[in-house]
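Below are structures written as structure tokens.
Both complexes below contain chain A, partnered by chain B and then by chain C.
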Partner chain A sequence: MQFFGGSDISPSPPAPTAPGNNAHMIYVFNRNGVCLLYKEWNRPLHTLNAQQDHKLMFGLLFSLKSLTAKMDPTSAEKGNLGVPQLPGQGCSFHSFRTNTYKLSFMETPSGIKIILVTHPKTGDLRDFLKYIYNLYVEYVVKNPLYTPGTPVSCELFNTALDQYVRSIA
Partner chain B sequence: MGREVSESCIDSLLTEMVSSYCNRFYANKPELAARRIEAIGYQVGHQLSERYTMERPRFSDHLEAIKFICKDFWSELFKKQIDNLKTNHRGTFVLQDNRFRWLARMSLDPTAEEGVPQDPAALAESKAAQAMSMYLYFPCGIIRGALSNLGIPCAVSADISNLPACSFVVRIKA
Partner chain C sequence: MAAIYNLYIINKSGGLILYKDYGSAGRMDTNDSLRVASLWHSMHAISQQLSPVLGCAGIDLLEADNFDLHCFQSLTGTKFFVVCEPGTLHMENLLKYMYELYADYVLKNPFYEMEMPIRCELFEISLSQAIQKDRVALLGR
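Moving on, here comes the complex of A and B:
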């Protein structure tokens, strides 16, 4: 399956699914749980301080992934609940929806997790998340001035991401 | 010539080259690191110009050679031509590329300029500018090597006052 495209950013990102999607926040974590990027566009309620918020989000997704993999009725082998899994092992959880928001998730083989919280009427955002990962690879990973494992603060990435998310919102 | 190499591979190789020379081989001696990187570029430019001028007749004068660098040589290396060429007709040429491929993905850390303004900000900016300028010694060396193989000894320097455009200043030795 051709997951990651060529070295140029794919020239035509997928068209927005419906008008009026509102992106609320985005988190990007690496495999060690370091929050590489947190950006919010529309978040009326802040309940925790930033560090606890990131830890909670990472923990939530770690547990959800583990739980969905263990409950998978089609897979033959199951380890014990709570055993950490390699990225890509087990089934891949990709979104959950409540009455006020929808959370979409994508994990890459290198352990980079991208989480996007949007309006509940949003459709399937997997292609959008792939495009965001493409942006990450182009502007962050290939930036010689960026040290891997530290929070991302590359101007080009931030502006490109902002522009793209606003265009799908 | 049908053999190709991945562009990401070249980008990563160049990044690592500059990083090795600046941080490991000649740590704390940026001028020496810059000289070595430029020398590598010189060898590369020398060999590349040999290969890309195989079918062509000799160049009649300096301007023709510079035009070759701007059009054919740059297209072979970067898939585009130089956008703007200026000269003072006395041996100095300025080659401007409005979107230099090897710098296209580099961006600075904007938070390094917050906090106490003026002096620390200028310092942080010049450190970032210095880091970026290390990546320009290689292309300067390539241009110098290519021109010297065509019989034109020169000195090449780069200017990144407005990113992502990049200018290379070629001064021909009289």
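Moving on, here comes the complex of A and C:
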């Protein structure tokens, strides 16, 4: 996982290769489970209220990471299920697909989790998620008025993110 | 050909009824495989809750760094899932074939108790044959 290689926001983002994929929604969590950002573009079905939805999403990811670390067929020495894993420790998943959506996931070494829910036919979105993380670093983290650990309300970040995600579609 | 590491069958309540390991370094003991199976059952159900559109049937494919997990759920709620190398093709066909074998060798076995762990030798033999034989045969299904 290359996080220390490209520290600048450009060069140009990877060209969208998957045609016709519409992003449904995006979540960004920090390491404590606080939802820093939730944005939806196309979500006809809301099963739960917002708070419960965020908690459920975070819980699902936590458990899936625990599951993949335990199920990893290439390593013999594993911890027990349910033990919180450090970012980067143990095998982690990067996406899962159902018949109605595809969820792409990326966790940074600092514990920031970026989740993008798209159409099921979408390709590998890891590079897109890295670019979104770069946007987050440039517009949010480097913003002196932003308090870490609170939901993001930076206008520029929202605009840039919106523009970028629409360009994937 | 790309490798299959292990496979699981879980009943509609999430209980493990079959766990077969085909050469992974991380072979699990019984308790761990039971826990992992129940965990997968729950994750499968939760993923349906988080769908942005109606009609979600749960996770079909989970892609991780070192493996892929393909899952097939029958109409009765029995789940068949297989852990394989990343990028292995035609796992869906294998899972469907496994379901056919299950229907023939397990369900039609008069001594098999529903939802209990599978102890049918013929089933396990034909399963190993299916896993080991050339993928070309499965392509034709």
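Keep this in mind: the second predicted complex is superposed on the first by the 162 of 169 C-alpha atoms of A that agree within 3 Å, B and C clash if a C-alpha of one lies under 4 Å from a C-alpha of the other, contacts with A are read in each partner's own complex, and residues count from 1 in each chain.
Heads up, the rule we're going with is that a residue touches a chain if its C-beta (ideal position, glycine included) is under 8 Å from a C-beta of that chain, and two chains touch if they have at least 3 such contacts.
Only a predicted model underlies this, so the values are computations on that prediction, with no experimental measurement involved.
A.B. asks: Give one word, clash or fit, describing how chain B and chain C relate on chain A after superposing.
C.D. replies: Aligned on chain A, chain B and chain C fit with no clash.
A.B. asks: I'd like to know which partner A:112 touches here: chain B for first, chain C for second, both or neither.
C.D. replies: Touch partners of A:112: none, neither chain B nor chain C.
A.B. asks: When the two structures are overlaid on chain A, which partner does A:26 contact: first (chain B), second (chain C), both, or neither?
C.D. replies: Once the two structures are laid over each other on A, A:26 reaches no partner at all.
A.B. asks: Check the residue A:132 against both partner chains and state whether it touches chain B (first), chain C (second), both, or neither.
C.D. replies: In the superposed model, A:132 contacts neither chain B nor chain C.
A.B. asks: Between chain B and chain C, whom does A:97 touch in the aligned arrangement: first, second, both, or neither?
C.D. replies: The second partner, chain C, only.
A.B. asks: Please compute the chain B to chain A to chain C angle from C-alpha centroids in the superposed arrangement, rounded to the nearest 10 degrees.
C.D. replies: Spelled out: centre of chain A as vertex, angle of 170 degrees.
A.B. asks: Mind working out whether A:145 is in touch with chain B, chain C, both or neither, as first, second, both or neither?
C.D. replies: It touches chain B, and chain C stays clear.
A.B. asks: Please tell me which partner, chain B or chain C, touches more residues of chain A.
C.D. replies: Chain A has more residues touched by C than by the other partner.
A.B. asks: Return first, second, both or neither, reflecting whether A:36 touches chain B, chain C, both chains, or no partner chain.
C.D. replies: Touch partners of A:36: none, neither chain B nor chain C.
A.B. asks: Working from the superposed arrangement, determine the closest approach of chain B to chain C, counting only CA atoms, in whole Å.
C.D. replies: Closest C-alpha pair between chain B and chain C: 26 Å.
A.B. asks: For chain A, which residues lie in the overlap of the chain B contacts and the chain C contacts?
C.D. replies: In chain A, nothing is touched by chain B and also by chain C.
A.B. asks: Residue numbers of chain A touching chain C in their complex, please.
C.D. replies: For this pair, the touching residues of chain A are 24-25, 40, 42-45, 47-48, 53, 56-57, 59-60, 63-64, 66-68, 70-76, 78, 81, 91-101, 103, 117.
A.B. asks: Touching residues of chain B toward chain A in the complex: what are they?
C.D. replies: 6-8, 11-12, 15, 18-19, 105-111, 128, 131-132, 135
A.B. asks: For the complex, give me every residue of chain C touching chain A.
C.D. replies: My answer: residues 5-6, 24-26, 28, 32, 35-36, 39-40, 42-43, 46-67, 69, 83.
A.B. asks: For the complex, which residues does chain A have touching chain B?
C.D. replies: Residues 7, 138-139, 142-145, 153-158.
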